[in-house]
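Read through the structures below before going on.
Consider the two complexes below, in which chain A is the common component and chain B and chain C are the respective partners.
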Partner chain A sequence: MILFQERFKEEVREYFERLESGLLLLEHEPENFQVIDEIFRIMHSMKGSGGMFGFDLLSDVTHDLESLFDIFRSKKMQVNSEVISFTLSSIDGLQHLLTQEPTEEHYLLAKKLKEEAVMLIKKLNPSPAEINSDENTNERVVGNRPLDANQITYFIAFKPNENIFENGTNPLYLIDELNALGECNTQMSFDQLPDLMQLDPGKCYTTWEIFIATTEDIETLQDVFIFVNDKATIEIEKVSTGNVIHVEAILADFLNTRINSETWTPLEPELAEDIFQEDEKTVVLTETKQSGETPKTAAFSNTTVDSIRVDSQKIDQYMNLVSELITAQSRLDMLSLKLHNSDLELITESIEKISRQLRDNAFDMSLIPLQSIAVRFKRLIHDLSKTLDKQVELATDGLDTELDKSIIEKLIEPLLHIIRNSLDHGIENKEERAAKSKNEVGTISIKASTVGSYVQIEISDDGRGLDAAKIRTKAIAKGIITEHDKLSEYEIFNLIFEPGFSTSELVTDVSGRGVGLDVVRRKVQEMRGSVEIESELNLFTKFILKLPLSLSIIDGLLTRVGDNYYVIPSSAVKKIFMVNQQMLKKDFRQVVELEGNQIPYMNMHEEFETELDLPENQYAVTVSYGNQSFGLVVDEVVREYQAVIKSLGKLLNSQDIFSGASILGNGQLALVIDTNKIIQKYS
Partner chain B sequence: MASEIISGLNSYFTFRIGSELFAVNIGNVTKILGLTDITKVPNSPRYFKGIINHFGDVLPVFDGRIKFGFTETEYTKNTCILVLVVEIEGQPVNTGVIVDSVEKVLIFEPEQIKSAPTVGKGFNSEFILGIATVQSEFVIILNVDKIFSEEEINLIIAVE
Partner chain C sequence: MSKQILIADDSESIREVLAFSLRNAGYEVFVACDGEDALRFFDGRTIDLLLTDFHMPNMNGLELIRNVRNLENYTFLPILVLTTENQKNIIKEARDAGATGWLLKPFNTEKLIQTLRKVIR
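Moving on, here comes the complex of A and B:
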């Protein structure tokens, strides 16, 4: 039972999300009845299953919300922003009520929500008789569907030959296929079944008689049987226009005509309609099977499920196994190189290919689109713009860009923080915007795209922008830089990521709760990503986040220093140069001149292998650091390498210039360099 | 993977570092490995020797001699890596310690274990569960969870 309840909670959280996104959509399109219907439907199922699993408070409050939405569903009133705001905050309340052991506090909250809902209902809909009519209306919806005039009822007689099994056909699949096309009434007949003694279990003795009400045409029905045409007798006949499956009189009539070998005249629409009227009760009370096929236009209400839910732990496990496979595969690779056996090389090659595909596939599986957290942004902007009395619109682009599940999870907080910042500090209030002759409605735009093995997310606002002079003064006051530091505009802007820097003069309720943008930077860097800022005074501020596609496997450059191997993430690598000791200047500043540029460097050999002599020729791998370059000097660049990163473990947390270790094909370990950290430490 | 740490057993695993005989509860010992190549991790404390590939996982290895304040010596054929499972922040974590030699498993009843003396010989009693005697030799029973929780501290247990 506990298992079911957990699953229910999970389901409800999904409901909440769908409700939220529905409500936010409704704000722009108050007359989108499909959305209203969907909201109503979600509330209804939430109420029902909530009660079933013992979440009584939840189902109680939902009942009132449902009544509220019944008003809009029955088109008595139009949805207004008050209702949307109320419902959104009620959903927040409901999240707290998702408990089976309610305390006093929960009861009070539920009571408050219920009272508010009832008040709102009264305000919108003075006649109370209508409020509790939801049970009836609900059935009307169910009853509505069979009245679809586009449907036609057909009769299908399907008599497979006895030997139909011989070529592997399963007649039941065909019946299933028909079921998918429309509502079916299927009868099996065992008339042909011989005595047990004569029965050959390899033969088919069953025949089927099917009534189907469908919007498809007769050709489509014939197509179902296209592969068994010569192995079965199939008769398809039109019974009536409209859905008459539940009208037994017609069906009986039809079958009688068939038995007497008479010709059946398909019923005309008007006639069928009449029968409908008579038989409406039966129609109404019947459970329909076809809810899935009513075409729905709005993307929001698209409920056809072509995906399955998988426990995220299983995905993690799968990813781990794939990582191990790749480690094993690279071992095989090494062995094959050593043995020079052409047969082995062939196998190795194909295994390498398969495991790479498997890796990509596993990656793909654990990727989810940014869209999945977009509701949170919309919600934040909706709520905040009300609180701050600013009009803000959200423009999004490329939210179908996919990222690793674990990254998305870790990304929510920093992104919300940035948006909060933009709304609070970036976008000006209406008067200020008017004075600057800007559009009164501010825009926050979120743009995502995949750039190589990175995902880039840009969050920009058309607000007041950053004032470099102001930031500089403040940074000096805070002791982050000194009077004498000469910084480019870019560097000054990036000072706002320093701990203890907060741009707003007054600490507001919205942002500036002590956690600053330094937390954003730290979180992003923890994911081996980076964050930069661009801005122009009075025009815009743009945050640019770069994130790796995955956390556990990276493409890297395998390098050697002394006897040890190090992996430099490819995403940071710009170029590789061969250098000699004369080029590596060690005067007062360690720089190496490459392609005419003076690039600061760090000789890993000198830092890590103090006992060994420096080789004459080394390689400088230039990596990007912010918008600059930095050289990492190694003894040898071995090859490109797919590194499965293993954590160094809790005991080595203080060791931050390496983000982990990777096991090489020969079982040796290579340390994976965190380029940002190592540069910060050595430059 | 590190299984549950079994405690409460009276069996203790003994090993030597320098002149001293040490013991840890058998529940903390997962494996004894021969000395293999250790990948050093630059910029780490001196007692931290590096990492090894331990059946596909990364195992950190400490040098018991340095950690416990003995002078470093050449490794011998008896030198080996003792894999201990210790609890860090509530999680069982595998960690390797290089010891001079491993001895055997001994059983100490609780009454045989005396509390550690607080003075003399430079013991840091916080890391010691107690002292037992075997054939007129002292055995220092270590509190492994404590030893690794204070990783930055160089443990001066013995002064030679």
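Moving on, here comes the complex of A and C:
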């Protein structure tokens, strides 16, 4: 059951997301009944399943939310933004209630949510009688189940309608069930059976008369026929206390009374039986439901069993194994080259092909579309625009762009941070926008696309833009730069990523909680990505994030320095030049002139190699650093190399210029350079 | 041969619990995530019982039941509706559409099997 509970929790989280996106959609299209219906259905599912898996509070609260949406579903009222905001905040509350061991706090929360929901329902629907009015508050009438083993004999007349088979009922099963409940004396009657020519095999002509001696109460007997109540005539009468099945006289007596339409008085009646009040066993809750057909298509988010859910850890494991396989395969490659055995070469080739396909496949599996986190953006914008009293629209493009799952996870926070900033600092309030003759409704747009081996995400707002002069003054005041520093506009913009920089003069509730954009940059760089900024005063601010598709496999340039190998990520590489020692000026500026540009460089041989002499000819690999170039000088550029990155482990955690290591085919280690870090450190 | 039961429910956890309980009880189980999906299973398989949710996307339980009843070989198929409603009009609608009976959530395995035995052996 625990397993199912976990599944259920996952499912509920999915429900929450669908609810959120649905609610946000409703904000714009309050008359979208498909969405209302879907919300209703989700609430309903949570209510039903919540109880099954032991999340009673969840079930309890969703019950009221379901009632709330029933109002809109039955078109009595239109959804308004109060309802949407309320439901959104209830969903937040529900997330806390997703617990099986509720504490006092949980109960209070549930109570509060329920009260609020009921208040809202009352407000919207002044005739409270409409909602749950027929909820049966009477205690269920409990049958007088004899506590001792004393049996009671009942008579049951069971006359199915002719068409009973049409509902898939097999009356024999019901007789069987009675037999399981006690000792039976069953008589079948074929009185109604027509001539063979008129007989329709699809119809039922049989009726039954049964005496049963049982310890079960009459409700249980009625329960046997619960599905056929409307398809058959069922009469149950008490014949006698005790088992009189074998007392022919009593049975005959009883039947005679019936034939003469007289009232049979049960023998030795002990208890007043007023238990015929209900003919159905459970009365859980009932609601006024407008039953009409629900639309055929859901407006958003289709569920399908074409996909299966796999624990993300398993995917990670799979990726890991595939990377081991690729390492092993490249060793096999080396060996096969050495041995010159044509048979071996054939096998090697096919293994190479398969492992390449396997790698692509594994890679593909761990990719998920950005869309999967889009609802978080929408929610943030919805909530914040309310808080800040700004009208903001979100425009998205290319959210089907896929990224590695682990990157997406790490990306959420920086993206939300940027959006929060845009809303708070970027987009102006209505008055200000009107004064600038801008559209009162601001726009934040998120655009994603795949560019080569990385994904580019642009988040822009049409707000007030960055004021270079203001940033400069501020940076000087904060001591980040000095008055003498000459910086380009681009460099000035990038100052806002510096730790301790915050452009807002007021610390607002929204952003500026001491966590600045420097965190965004750090997080993005941790993923071997980059973030840049473009802006025009009073027009726009645009953040451009570039991220690798995957964290575990990268395209790189395999280079050699002395006896050691280093991998430079291809995404950073601009050009490769052959250089000699004369070109590598070692004056105080340490620059190399390439294609007429002076480029700062670092000679890796000098930094990392201690034993071997500096070769005469070396290679300068220029890599981009922000919008500048930087040269990494190596002894040799070996080849392009698809590096499966392994972490360096605990002991080497303290260094930060290498993001990992890759094992070459010959078993040698190649360190993967984090170009941003190495440049920061050595330039 | 064990009886083959088809479950149609848009909630994965419900599907799993049902499938688990029913498989343990010795039935063969198929699962579908909505009415449309469920309908596909009637092609080329022998289904002995349909257990369907009431509210589902794409094709709800009611439509599914009507569709199944119109299939050539399934006029007499036992069909149970899975629902939290026990209000009569919901059940009545399902019955009118051709459902054999209903199973109310929440249920436990015992209740499930007990209900099942009313319509299938």
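Just so it is clear, the second predicted complex is superposed on the first by the 508 of 683 C-alpha atoms of A that agree within 3 Å, B and C clash if a C-alpha of one lies under 4 Å from a C-alpha of the other, contacts with A are read in each partner's own complex, and residues count from 1 in each chain.
Assume contacts are C-beta pairs under 8 Å (C-beta built on N, C-alpha and C of every residue); 3 or more make two chains touch, one makes a residue touch a chain.
Predicted model, so just to flag it, every value in this text is computed and none were measured.
Looking at the shared chain after the overlay, A:Leu648 reaches chain B, while chain C stays out of its contact range. Contacts of A:Gly48 after superposition: chain C is touched, whereas chain B is not reached.
In the superposition on chain A, contact is made by A:Phe227 with chain C only, not with chain B.
Contacts of A:Gly667 after superposition: chain B is touched, whereas chain C is not reached.
Contacts of A:Gly202 after superposition: chain C is touched, whereas chain B is not reached. Once the two complexes are laid over each other on the shared chain, residue contacts for A:Phe165 go to chain C alone; chain B is not touched.
Which of chain B and chain C touches more residues of chain A is settled by the count: it is C.
On chain A, the patch touched by chain B and the patch touched by chain C do not overlap at any residue.
Touching chain C in their complex are the following residues of chain A: 4, 7-8, 11, 38, 40-41, 44-45, 47-49, 51-53, 134, 165-170, 173-174, 176-177, 202, 224, 226-227, 230-231, 280, 282-287, 289, 291, 293-294, 296-298, 302-305, 309.
Put simply, chain B touches chain A in their complex at residues 37, 39-44, 48, 51-53, 56-60, 88-89, 91, 93, 95, 148, 151-152. Remark: chain A residues 324, 327, 564, 607-608, 646-652, 654-655, 657-658, 660-661, 663, 667-671 touch chain B in the complex.
Residue ranges of chain C in contact with chain A, taken from their complex: 10-14, 16-17, 20, 31-34, 37, 55-60, 62-63, 69, 75-79, 83-87, 89-90, 92-93, 95, 98-102, 104-107, 117-121.
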